[in-house]
Structure formats: structure tokens, C-alpha cells
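There are two complexes below, and they share subunit A, which is joined by subunit B in the first and by subunit C in the second.
Coming up: the complex of A and B.
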């Protein structure tokens, strides 16, 4: 009750705060989504990408 | 006096004459009498009484409602905001992907720059490199050649350019090896001016790559290049 009220008062009452929170959460969501989907992709293609086989062909200087 | 009696008698006569017209039901049934007396004393519609009743009474739903609506409100705004955030992220990714799609790919970018080791080029020699599918001339000029390039009167040239405008270091002349006439590749150390000569239509370029004679309209083009360190040249 008080928690929902305070959330409403802090976040939703003023539109600019609401829109700002929406964009900030979009940014955070995008970062998290990209990281997770990249990890899933790398996991599915383990051993087939250049970064996995680079050490066989390129000698570090 | 006669006028006043006339004035008094006329309304009376009218009243007596009109009484049976306006009140025909005085002698009628009791309900009708009551109805008529009411309309006589009150000018309002007989349905006004009925209209004053609240016919659009909204039932009380408070029994079915939860106690507070703030939780619902927060939930609704949360869902709206989440929808907006997902839409913003998705549309940003869409726009970004289209823009990235238009930019140069990695293999094109890898070919966009070449690096040259200048210590391999002795003084007074040309080399020709391929850069972005075009030949690039690099000449290590001697001091005499630099002097010769600077001695030319700019006003007499077809495409007036000083030698300093065309080189970053006077001993290194870097330019695109494409004749500005029709795109042949000129021959080095040839022509009447000690520079380049285009065999296709006979354009003569001097030691700074400027057009001196023949059909070509412009000097040989200078690509973007820089010297990141001594003895190294990066073109592109």
C-alpha cells in the first residue's frame, strides 16, 4: 500500500520522470539483452568462430 | 364615471364567460378536480414531478471493489512503461542495424589503408602501389627535383598549385597514378618536364605531378596520407 503509493509518487506522477525512467530502463534492457544473446550465440557456436581458432593461425608477437 | 363602470364590467363579463371554458371539469370526478387544481396553481408540466425522481441511480459497487486502487494504478503504469521501454529498445536496434548495414564492411575497411616502409625507396626512385584498386605513385625526390618543382611559376600553370600544397614532406611526393584526362596510368620519369608522361593522349606532368602540356585539365590527384613516424607512410 505505502510501497505502491511511494512508487507511484516517485516514478509515475510526473511525466518527465516516467519517460526518463522508460528510456533508462530501455538502455539497461538493451545492454542486458545484447550481453545475454551474445553469450548464447557464442555458446552455440563454440569452437567455430575466429576468436576460438585464432591461436592456431596467429602467433603473438 | 361611466368609463370606470365599463372597465369594471368588461373583465367581469369576460371572466364569467371564460370560466366554463377554462374550468370545464369543476363539476367532474374528484381525481380530475385534484389534477386540475394542481395545474391551475402551478404552471409546470405535470411530468415535472415525475422528472424530479432520480431515474439514473448508479448502484453501489463498493462491495465488489478492492480496498485501495493504488496497486492497480502502479501495475498499469508499470505495464505501460515496460511496453514503452521494449518499443524504444527495439526501434533503436532497428534503426541502428539499418545504419550499420549501410556503412563499410570489415573487408572494405581492411583494404582502405596501406602502410609503406619508406626506407626501402632510395632517393630519386619511384614506386607504384595499389591502393583501393588504383595505382599510387610515391617518389623519393632529390633536392634538385624539389628545387625544380619550387622554381615553376604558378601563374603559368593550367591548374595553379604550389609544390608546398601538393606535398607534406618535400622529399616524398605521393599521388594517384591516374591521368586526369581519361584515366590512363602515366609513365614515370618520362615526358618533357622530367616527371610523368601519359602515353594515351600525350599529357606531360612535371616533377610535382602538375599538368604542363597535353589534354589533361588537372594536376595528378593527391590522396590522403600521413607519416605516423619517421620512415613510415600510411595512405588512406
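Coming up: the complex of A and C.
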């Protein structure tokens, strides 16, 4: 009970904290999800995308 | 619905039972004794007529077959399905193939076909680096803004210019090709039935010589995949027509595959991003779907498992 109570006191008691937590967690989730799914995508398409073949053609200055 | 069907079935059965019963009971009457036999003959004749007409229809047309007004030659041979890797759900275009395909377009197709919806800048970061595309654009001349006296001068191409067309307009293109208009290739993959399969089959499907008995008008070439089989474009892809910079052997089918993939990119430049976003959307929505199913079951559990008991008052 103490855990639920403390969660309630910290997060849900004041609305501005609650809304802020929702926005912050959405932001954090989006960043994490995008990073992971980009990695999965690049792994599925290894060698097929432009960034995989770019090094052959770009001339470094 | 089920109840009604059951009701009707039982009624039908009872009617037939009544008829037989009545026929059996009135066996003394000679004229009425004929009627079951007549009924049998009529029923048999009707069954034979029904079966016969259905089998005649089947023999004529078959079931589930589409009837085409055109002959197979007018329809064109339907292209087989090729295993395009970029058509799989989670696969992007092979950008090395796009680069080779653009080379094929530039060295072979571009002498007749325009690619007017694709600007040079679209190639940047897809098949070529910025510097390469800038160099290619500068090889061509475009109309500049009117100068101080209103004359239009020429300037070198920029990234924002479209890839130049081989002819000034459609009439010039027709005049140069014996009246046949080479279609613009920007959206050709979307604009033809069969898409990639059709174009690949068309490019690789020219026989060495047309089959015996084919009569084609002057200037047309035989291709079984082209509707009407007479196509103004001759076979253009022969082994080794282009030389790939990455060392891939430039066979006819390799070039056709590369250029078709490039044309698919030209028609759907958003393809890679769309599939990546689709993967993300399906991942998130499948979790949300599972969550909503769980919430529904959680909320409904008390309603589904409760038992309402009526206890009649005792007197």
C-alpha cells in the first residue's frame, strides 16, 4: 500500500505533475521506440540503403 | 433465421407426407392413381432439363472463368510474378540497384523516354552524392530568366531542375519515332497493369524472331507481353550495353531488373519511409490492441461470470 500511496502522492495528486509526467514519458518512449525500431529496420535492410553504400562514392575533403 | 428455416423444412416435409398419404388413401380412383407417375415423369424431366442446361453452360463458358472480349493477342501475355525483394513487407529498395538502374535509364532509355516528374535533387542521398548530381545537372542547359532586354539565355542545370526530356514536346517525340509516342517513365510502374513484373517481362521478352504466321505493321516489333503484340520500341537491352561501375555483370536481365527497380523508385520515392513507418505503426498498434482486449476482458469479467438467480417467494 505504501508504494501505491507514494505513487499517488508523487504523480497523481497534483494535475500539473500528472500531465507533465504524461508528456515526459511520451517523449521518452518516442525516443526509445524510434531508436530501437530504426536499429531493427537497418538490420533488416543491411546493405540495401543509401547510407550503407554511400562511403563508396563520397569524396572526403 | 435458423428457426424460420427449420420451420419451413418441416412444413415442406409434412406437405409431401400428406400428398403420399392422400394418394395412398384414394387408391380406388383410377384417374387419380396416374398422378404420382405423372409427377415422377415431370420431376425427372425437369431434373434432366436443369442438369442439361447447367452442363451446357459449363461446357460453353465454365464456372468462375472470366470471359474476355479481346483475343489473347489483344490482351497480351500476362507477366509472371517475379520475386522482387523490394516488394517484401519490411524491405527497402536496394539502392545500389537504383544507382545501376539510373545508369541504364541515362545511357539507354533516356534517348527516347522522358522522366519529367523527377528533378535532379531527388537523386541526392538516394543513388548519388550531391556533387555527383550537381555535375550531371551541369552537363545540361536550361532556359534562364529573361535578361535586361527580354532575351532568354541558357544556363547550366541546377539541382532544382527536372531531368531533361529527350524531345521538346509530344509531337516532336511522335515525329521522331514513326508516330509512336514513347511514354514518360516517371510513373510508368504505377501506370501499367502488372507494374514491375510487366515492365521486366516486356524488356526481356523480345523473341529472337517473331513466331511463324504473325503479321505486324511496318515498323513494329513483336513482343508477346505488349497488348496487341506489336510494339514500336525495339529490343534495346543486350548483354553489355552498359558497363556498371560496381562491376556487376551487365546482362540483359540484370539491366532490366535494375532499371525496373529504379522506375519503381521514380514512381514511389516515399516507398522506404512508408514501409518503415508502417512497421512502427503496426508494432505500436498491435500492443495497443492487446491492451484494449485485456481491458475489455477485465471490465467484463464480473458481468460475464455473474449468475442471476430468481428465488420465487414462498407462500
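By our rule, the second predicted complex is superposed on the first by the 61 of 61 C-alpha atoms of A that agree within 3 Å, B and C clash if a C-alpha of one lies under 4 Å from a C-alpha of the other, contacts with A are read in each partner's own complex, and residues count from 1 in each chain.
Methods note: contacts are C-beta pairs under 8 Å (C-beta built on N, C-alpha and C of every residue); 3 or more make two chains touch, one makes a residue touch a chain.
Only a predicted model underlies this, so the values are computations on that prediction, with no experimental measurement involved.
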{"item": "Touching partner for A:21 - first (subunit B), second (subunit C), both, neither", "value": "first"}
{"item": "Contacts of A:53 with subunit B and subunit C, given as first, second, both or neither", "value": "second"}
{"item": "Subunit B versus subunit C as contact partner of A:4, first or second or both or neither", "value": "first"}
{"item": "Touching partner for A:37 - first (subunit B), second (subunit C), both, neither", "value": "second"}
{"item": "Which superposed partner A:45 touches (first subunit B, second subunit C, both, neither)", "value": "second"}
{"item": "Subunit A residues contacted in one complex by subunit B, in the other by subunit C", "value": "33"}
{"item": "Residue ranges of subunit C in contact with subunit A within the complex", "value": "90-96, 99, 125-129, 131-132, 246, 272, 276, 279-280, 283-284"}
{"item": "Subunit A to subunit B touching residues, read off their complex", "value": "1, 4-5, 7-8, 11-12, 18-19, 21-23, 25-27, 29-30, 33"}
{"item": "Parts of subunit A lying in touch with subunit C, wherever the complex brings them together", "value": "33-34, 37-38, 40-41, 44-45, 47-50, 52-54, 56-59"}
{"item": "Residues of subunit B touching subunit A in the complex", "value": "68, 70-71, 73-74, 77, 81-82, 84-86, 88-89, 92-93"}
